[in-house]
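Here chain A shows up in two complexes: once beside chain B, once beside chain C.
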Partner chain A sequence: MTAEAQQDVNVTAGGGPRRSAWRDATTTALRVLLPVLLALLAGALIILALGKDPLTYYEYVVQRGLLSPTGFQATVTRTAPLLLIAAGLIVAFRAGIWNLGVDGQFLLAAVVVAALAPELIVFLPRWLTVLLCFVAGALVGAIWSLLPAFLKARHGVNEIITTLMMSFLGISLANVLVKIPFNDPTTTVPQTATLPVADRLPRLFDTTVHAGVILALVVVLLVHLMMTRTAFGLKLQIVGANPRAALHAGLNITGLTFATFALSAGLTGLGGAVEILGVWGTVRADWNPAYGLLVIPLVFLARFNGIAVIGFVLFFAVLMIGGESAARRLDVPHFFVLVLVALLLMFLAVVEYLDHRRRQSRVD
Partner chain B sequence: MGGIFTVDFTTALLFGAVTAGVPLLLAGLGEQISEKTGVLNIGIEGMMLAGAYLGFVAAYDSGSFWLGYLGGAGGGILVALLMMVFCVWLGMNQIVIGIALTLGTQGLTALLHHFQFSRTYPRLGEVPTLPIPLLDDVPVLGESFFDRHPLVYLVVALVFVLGWVFRRTNIGLNLQAAGDNPAALDATGVSVYVTRSSAVLATGALAGIGGAYLANVGAGLFVPFMTNGAGFIGIVLAMLARGNPLWVLFGAFLFGVSLALTTALQVGGLNIPTDVVQMLPFVMVIVVLTVFARHSYLPPALGQPYVRGER
Partner chain C sequence: MPQVAQVDRNAVPAVAVEDIVKRFPGVLANDHVSLDFEKGEIHVLLGENGAGKSTLIGILAGMQQPDSGTVRVNGQVIRIGSPRESLQLGIGTVFQHVLLVRSLTVLENLMLGGPWWSRLGRHEALARLMTFSETLGVVIDPDAELGRLSLGQQQQVEIIRALWHGGRVLILDEPTSMLTPAGVRELGQVMRRLRDQGVAIIFITHKLKEAYEFGDRISILRLGRVVGDLPKARLASMSEGDVTNEVIRLMFGPTATVTGDARALVHEGQRRRRAVAVDRSGEPLFMVRDVSASARPGETVLSNVAFDVWPGEVFGIAGVDGNGQKELAEALAGQRPVASGRLVLGDDDLTTLGIGARRRLGMRYITDERLGEGTVGTHSVATNLLVKEIGLPPYWWRGMTRWKQVREHARDKIETFDIRTPSEQTPIARLSGGNIQKVLLAREASSEARVVVFNKPTYGLDLHNTRLARERILKSAASGIATIVISTELDELTELCDRIGVMSQGRLRGIVDNTEGAEMRLGVLMTGADAA
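== the complex of A and B ==
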């Protein structure tokens, strides 16, 4: 299913000796920017239809998400969980596995970390607490993907459905955990015990941005290198592009499938841990940021490229943070961001289709 | 356990199971049609939600439950039209488009709801029913199964009609062939595109009606994101039913029971936190998927766009 996208990745990455590099770059830029512009344009029409001024809206979003210092810091902070989720999705998608259970993996990891951190910090130094929490978050995420991995590897059950169902189950379970075993009895709203601000991830310089952002950047770059420059990454890509060929090449498909799920969900879980240790320090009942499905289009826009995805995540974080401010000020609910993401995906598919057609007609 | 199975509890459970099961049944049947022809319809969650919103608005404005279902079908078809153009005609990735349609519908219906009703959640009146003479007097079962809105009977009838269509008619054969071997269907002179397009639109209509039932009868109101995975459960039902609508009916009822347990347990006086009970349907899905993993069946050409003349 992703084989086609794989080829596209290779085509853009490898290029051809006959085509000039400049032309390649323009085509790539066009294929990337066109869907974004079209989505913003269509989004503007929707805002207009709802009786609001799209220019004011976008201006406000850019002002609050990018240009104001506090807003920009919030934007950069928001990239941390998104980048780690993106890293996890890149591993899965390149290996031909649809991990659509990101939300459940993220939230469960976040809840376990939120419960663990205030307990550990009492008798452990901060660095060790943080380290253990990262491991715990990654483990929880990975464990939550075990069953879909098993069903896929053993019985060939479509992982789209199993990961989605595990995600819904994980979200409910996270809620139960917050409300019953991990509930902090001293608060009125059900929530876990709060990790004191001083014990959270260190801030960078004099900003509100925490060190998790650096970690996320490093991880997404490492994942990119792993997938494109190591034998292990190549094996995963072969399984994704053509499982039958992978079998004939003697690859251990069962093992690689488990590894893909564990890595993808583990990175997502790490994202949950970073978000708790860096920003919230606690999880409240019914909290579910639902970043999972929102990151998918960004990963597609970046064509599974770990470097390119950084730019898209930053762009999207601006939309999110700006959109949250605009929701309060301009009365355009932040649901609008969901619509933008959907438009982005659709225009991406359309542009991809047209590009595919154009290239085919050239071959003919 | 023996103590809680009182008449009140059992009635509440069965009544709730039917109410919760009908949307799942409609989604499952719709998805079954799509999947038979080789279209994996992840967008069904969005179709249900669009149906729930438009179905609610139609019923709220007109006061008629029937117009509500019509609006629901319209909402589902609107989303299905996009799916048809992108995935069947242009052959784009069904999963990517499916996710896009679901996300887009979630956002759009929440926005529309916000601007139309602000923060109020108006409710519909009581659901009119068509009691079936004699049967509706049977204790426990009567109220749950034979004193419902006529749509419920129609949907159950649809299960058998679909079973007949799948097994005994050319349409059924064409649907099957479009998923098993589209090139062969094309060779016999039947258009794969027309077959798949009609299937996707039928899915949209059924899922939309399911969504409208969920909003208008199940809840009596529209809440953003209210389908909460019901469409995805429909996909599971279709996957496990191996092309047989009767299994969808059975599965939908089973999941309906687990969804209805929340309210039934409260009626039964057993105090289990609602959050725990809400996990039940999904636990059930996972258990069923694990136990019957080897029996799930999907057509060979599922998820593959059909391009004429391409191998």
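== the complex of A and C ==
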């Protein structure tokens, strides 16, 4: 429809703000829940085609991922790295920068922290070790994004390609580091020295959940606040939405680009540090959870919203943890969880499209 | 006078709409509109924004469906369900903005849109293009990259594309708003040639002069209704003055409601700025000294541009589009580095300062690309009003956005500048062009402004908003601001400016005092002749 007609519509379309607010909330909920339901349904059909019982599978997923105490604790623990990566991605994506190199940034930070922590703990108190490791993780992540940031800011090189390439390099380099300089000779499998369990991040109450989860939640909320309530966040959004307008408005695009890369990769690196200090205490050779590529669709599902992403990450963590044990029990491939995520994205797109069509026809 | 082409009176109209009603929530965009569009006739649709022209075009182009009423093509009642169907029915539409692929060649653009399985027949296409070139009397290099053509030429390609599959009806939606005077004349010739071939042309414009010059028949829309129709026979018997009076009466209702718009309409292009005595004995406020700037491919290199602007003076920059006007504006605003030369504002040397620093010293730039770079389309009106002030008090405090104050500021500006928007939170891209321009004007107007650069300030605006924008420019100059107006419309410059410089190929060819006969001297300069 034309701009002028559109405007007239907006001027005159009223009809009770409260009722339309309700309707908006309902349609928003539907837009999120409908794809989830459809994805679960389509997933069920696939399981059926594999000759398994979908209900049993889902029951296991819910049972092991959500309802059993150990499973639920594992789920919550898993959200920590995912949330920190999500926070990093939200900063970047909102600023229009597609940092797809999170896996490399995450892994390198994890390896450096895994090597650093056992050395530091010998002569430093735990809190200081943890703090230094957080800083180191964030710095390593940020440094690994420096080259893409420079190429983007100075030469306009597409960051999708450079960050992905740096990610492959980072994953390889992390492996080299684990196998050669950081290798702990006392173990048979190449891996870094192990941080004793007692020196890792404190547990919350009597659970296996570590304090990194709280940190991750706080960081995600802070990032959300930063993007929506601060001048810096608004500047990032302007650059992301229309770089030419940002230039016209006199924003320092080069500086903002570097800041975006540093923040995004830094938060991802922090995620790596939290995962090592909270869960593993060491990095084995060839370990690469590849969380980054899993989180990217979730961030899109949440429309770059820091609060909504918490729900999606939790949902996904349930699927991951529950899916792992369900896969073992039922002999469904463990990557079936990824199939569910893919289905979810597809149905999200379909529902989005239908909603768009519906709104168009309503306006016309 | 429009020449009378031979048309068979008994023939059915190429396209006819009968009793079309189209409602949008809360607004009646088309209120029982009935019109016949004859073969071999240039039919002008006149009307303000919101009169329902665009809706009618949308229906004919297959983009919208009427709520009731019928569309006939060659006498047959037809429902046009999609733009593709519209094309298949022989209705080609050229929209205000060029919708071609800039990186493809002319021929490639024309060959687009066939079924995916069919081979692209270059020879056939080339032959067809030659026929069209001959018919239209235009010369277009088939292998030129489209983005490198002038806007006028791009539009000619659009017209050819619209008629590529044997179209017999051509709809032109405000085609002249981005053309130079020469481009407009050329378009007129193309339209006449097509008309003489029997094509029915529907020509939408805001400009009465064009309506009179090109139209065989004029229909006037107001508030969704056809309020007047000047058929060919009647039009032929009227003088330009008669037509003007009649159209104004129809467009704006009875004399009692004749507003400034009507006056602007009558006087448009005939008014010269009354010689406001600008005191040029003192020091100029803004000095541009031999400024040169480099350019990327497709842009114009600025070389040694020099002029001064005194407080309260309106300095115009004329020239055919793409001769360095945009690059000059960017160099003044700080968006383009100055390679050599100096920019001085009062006591401050701006040459090496950034955009923000220049703004703080009082430099303002109202860009011609309102959505491209002037605003962030997906963000609210409120944000866009302050996009150049992000982080500064009182709307930000220690880096935190004070949304309440930001919105209050926006509501205040919306009222002062009469910006028509549902709310300050509406994404700005939803506003009409005139209202987006008001947002830009509101953003740049402040007591700290000392130099304001307006780049094509009324481009694409309707009469009412054109008048408002021009009044705004004169008012800001009257308050002592050194004002620079860049425009491709000579009428606009002679109406607003004290002095006018002409740009051609990145150079300022000369500066003319805006007195009797200025147009002549400007015309000479615009053709590229160097003058003292």
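Things to note:
As a convention for this text, the second predicted complex is superposed on the first by the 344 of 364 C-alpha atoms of A that agree within 3 Å, B and C clash if a C-alpha of one lies under 4 Å from a C-alpha of the other, contacts with A are read in each partner's own complex, and residues count from 1 in each chain.
Keep in mind that, in the parts below, a contact is a pair of C-beta atoms (placed from the backbone, for glycine too) under 8 Å apart; a residue touches a chain by one contact, two chains touch by 3 or more.
All of these numbers come straight from a predicted model, not from anything done at the bench.
Using the contact criterion defined above for the overlaid structures, shared-chain residue A:M346 touches chain B, although it does not reach chain C. Set side by side, chain B and chain C differ in how many residues of chain A they touch, and the one touching more is B.
In the superposition on chain A, A:T230 makes contact with chain C only, while chain B stays out of contact range.
Looking at the shared chain after the overlay, A:I238 reaches chain C, while chain B stays out of its contact range.
In the superposition on chain A, A:H248 makes contact with chain C only, not with chain B. Applying the stated contact rule after C-alpha superposition, one finds that A:I296 touches chain B and leaves chain C untouched. According to the touch criterion, the shared surface of chain A, contacted by chain B in one complex and chain C in the other, consists of residues 1, 4-5. Note for the complex: chain A touches chain B at residues 1, 4-5, 46, 50-51, 98, 100, 147, 151, 154-155, 157-158, 160-162, 164-166, 168-169, 172-173, 175-176, 179-180, 293-294, 296-297, 300, 332-333, 335-343, 345-346, 348-350, 352-353. Residues 40, 42, 82, 86, 90-93, 95-97, 99-108, 110-111, 114-115, 224, 228-229, 232-233, 235-236, 239, 273, 275-276, 278-279, 282-283, 285-286, 289-290, 293-294, 296, 298, 303 of chain B are the ones touching chain A in the complex.
Touching chain A in their complex are the following residues of chain C: 24-27, 29, 49-50, 54-55, 58, 63-65, 333-335, 354-356, 359, 365, 367, 369, 372-379, 383, 387-388, 390-391, 396, 399-401, 403, 420-422, 426, 430-433, 435.
On the side of chain A, the complex with chain C involves touching residues 1-14, 228-235, 237-238, 241-242, 244-245, 247-251, 363-364.
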